[in-house]
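Letters A, B and C name the chains as they come in the text, with residue numbers starting at 1 for each one.
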Amino acid sequence: MKHFDGFPHVMVSQQFSREWLEEEFFPLSDEMEKVFHGGGCDILKGKRMVSLFFQPSTRTKMSSEMAMDYLGGKVVFQTENAREFSSAAKGESFRDGIKVAARYRPDIINLRYDRQIALEVKAENDREVCDKIAAISDTPIINAGDRNPGQHPTQGLLDIRTIQNCQGGIDGKSIVMVGDLWSGRTVRSLCYQLGKFRHISIDFVSPKNLQMKDDVKDYLHRHGIPFTESTDLRKVVSECDVIYQTRTQTECGSSMDKKEGCFSINGEILSLLKKKDAIIMHPLPRGDEISEDVDNDPRAVYLTKQIDSGLVCRMALFTIIMGGKN
Amino acid sequence: MKHFDGFPHVMVSQQFSREWLEEEFFPLSDEMEKVFHGGGCDILKGKRMVSLFFQPSTRTKMSSEMAMDYLGGKVVFQTENAREFSSAAKGESFRDGIKVAARYRPDIINLRYDRQIALEVKAENDREVCDKIAAISDTPIINAGDRNPGQHPTQGLLDIRTIQNCQGGIDGKSIVMVGDLWSGRTVRSLCYQLGKFRHISIDFVSPKNLQMKDDVKDYLHRHGIPFTESTDLRKVVSECDVIYQTRTQTECGSSMDKKEGCFSINGEILSLLKKKDAIIMHPLPRGDEISEDVDNDPRAVYLTKQIDSGLVCRMALFTIIMGGKN
Amino acid sequence: MKHFDGFPHVMVSQQFSREWLEEEFFPLSDEMEKVFHGGGCDILKGKRMVSLFFQPSTRTKMSSEMAMDYLGGKVVFQTENAREFSSAAKGESFRDGIKVAARYRPDIINLRYDRQIALEVKAENDREVCDKIAAISDTPIINAGDRNPGQHPTQGLLDIRTIQNCQGGIDGKSIVMVGDLWSGRTVRSLCYQLGKFRHISIDFVSPKNLQMKDDVKDYLHRHGIPFTESTDLRKVVSECDVIYQTRTQTECGSSMDKKEGCFSINGEILSLLKKKDAIIMHPLPRGDEISEDVDNDPRAVYLTKQIDSGLVCRMALFTIIMGGKN
């Protein structure tokens, strides 16, 4: 099996090449969907996960821990308690915390951290983060979402795989991303995934003060991905294949300057969305940015296929990281 | 096996008929008491519980999760963290949260919610709640206590079974309920259980501003259960079979207007309680409403048989809900 | 196997005699280190731990729960939620909480309590605590750290075993303890361990207002252990075998009056520390009282051998307490 860059640590979307996604990850995720519907397997029997969440995250934590169970592995310790671990100043506790957890020799550490991991390990850029993490821990560390604007690479994997499976491919697709793009780590991780594909076009729709940050835009430029920036979802939605609606990041202190209909999905948007096989995605939890009646539209996948993808993509990733040890 | 109304969801005490209690539930609970004392069994091997608690509850959560273990099942995800799940407005997140958790295909979801579930699902009345829940989730949902004044149906089951076992039957018993009856979901669920039995009489003792609510009193009227309302425990206790002392619901914002001896159990109450085989119950945790010296009276069951009942009743309920799947 | 005083409860360091440490505990801990590196065993298969933490503690909780897993046992319930359990006044809830948890018949209860357990059970002195606990619970209760100034006896065990293994023995060693000694339950538990050995000398270094309390100093006097008290680490460090640096107990409301270099370890202290085989210990988490460049000194064991000792000592202790039941 081909390894991804930075193996076995998972820190940013840039680690995963198109080749790896298409040859290793997507096929294994499809297999895992069958394992899931079959009730599970024992491939990770005896493997131990430590699950450290220093920000609330019911969904990512639940799907990661259930993924372990469906594979026959165990979560031997989990916490949602941020206070002590992250108490000390200046990131020293981050390194100490990882070193201690790794010392107990779990097979994987699933970590949601409440600051930016790159800053904690003094990485100059995204590519360097895995090297810095590797210097701290031999145990695989998964970034299960660090502080906005950061990344959420397992969400990026499940999102790109949702597009792949629902659309039958990624090349040539037109994607609209709407909401608080500045602090949305999920849209950031998805953009870093999309940059690897061809003939993609992206429309960013956000209030002016919450536009996508330059690091992502620079990356898209370098990879030849055209994008627009605008402030009204209604004007860009007609020909798109994917609408990715982000949530308002109230937990992170920023709030969206809401204008009626510009940044949220409702019946009017559905009527403007011409493509019958378009899909509507959302990382959840949702506030009022998608009205409830949208849920029943067959194009809404945020409570169905995107959720399933979250479980099976984590099953695939954990298998790739830990499966070879037996 | 006969199913209860609203099967497999457990939302309110009204779902359980007298016939079901006596023919299915009480006998299975007694069997489960033997399984418990024998160290457990494997009847739910491979079954998965998700345990979502959005209000603190050491006792209900602990006994539910240990019940799964004694049956050979697993708790594959648990949280005591309310913040994210319940962040969004107006109940939409309730439906989303349940849908997402159910999508991962656990065998049961044990849910303590911090608002009233009936309101969240827009049920017009208690009987409609299970239908509304069923429209959201195929996975069995257990109401492990919703916001006061709501219900706590598994507590209602363990309480009615405690009376059954300690008193050798329920018909003809005289029950005193004392404390904050307005917001006490446990006394509410117990009243909805008692309404199914015959020749019951109930004395409600509470401050005037914390009297039992009309929905329960209407239900008792319809079922021919006489009750009194008064403000001094000492005056009603002499001939009763059961004293059910509720706790002060400080966590819910209401507080009891305490008067010396009127609403709490101490040596004086014990001396007034004539029946040798009467029992004293409390849902715990206790404040100072039962003084510590009462614990050693053989009639006090709140730290002994009532606790055991909590475990074995949940073992019985989970077996009924999940046991038939294998 | 010889039992320790107060068996099976673990409340204070005084329970463990030198003979028991040397004949039972140290050898079994060494065996457990091999079990750990071999990936685990099944000696506690079927055993159940309840893990109740009413103060944050990532390290103690993690190593205890992982110790159970490495032995084949299970953590059937865990909480980090202090609110309800400890809500009621004056210790009544402590007894109720323990009684309820014990009623579910786990094999061990691992408890971090946010008040002093001795006060909760009205023990007159340390030796009486186990008797008082035994009157509440047949189930073994582990004090995983009670409120400062209290004790942390499993930390005391891992610390004395770290000295034993790194130094090849304890008799004759010179130990410096530095930091907030008044509220440091770890240094307190370690002193109660050291009193059993011979030709020990201790230097306490702390701000005047955070000196070691009299109960510990009286104990050392009675056991013939000489100690000094001073306010500058640099002046006592040259000939010592062990520096035990405590953390600032900000969570407990006291703060250390820091003076440059007096109470913290840095390159200057390393250069003054003459013995090549001295060791530097810390209970973690660390703030800025040990600078990061000290980590790479071979004498620093707080992120390596001391961590390992935490896991294997708990494995040994749990085996002694539960292993005989099968």
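Note that a residue touches a chain if its C-beta (ideal position, glycine included) is under 8 Å from a C-beta of that chain, and two chains touch if they have at least 3 such contacts.
Quantities reported herein were computed from a predicted structural model and do not represent experimental measurements.
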Query raised in the report: For the homomeric pair chain A and chain C, should the interface be classed as same or different, according to whether the shared residue numbers exceed half of all numbers used?
Result: different
Query raised in the report: Between 0 and 180 degrees, and as a multiple of 5, what angle does the rotation take that fits chain A onto chain B by Cα atoms?
Result: 120
Requested in this report: Quick one: report the Å distance separating chain A from chain C, using the average Cα coordinate of each chain.
Outcome: 40
Report summary line: Two or more other chains are touched by the chain A residues 80
Report task. Using the touch rule from the top, collect the residues of chain A that touch chain B in their complex. Result -> 36, 39, 56-59, 61-63, 65-66, 69, 80, 250-251, 284-288, 292, 303-304, 307-308, 311
Report task. In the complex, go through chain C and note every residue touching chain B. Result -> 46, 48, 50, 52, 74, 76-77, 79-81, 83-85, 87-89, 92-93, 95-97, 99-101, 103-106
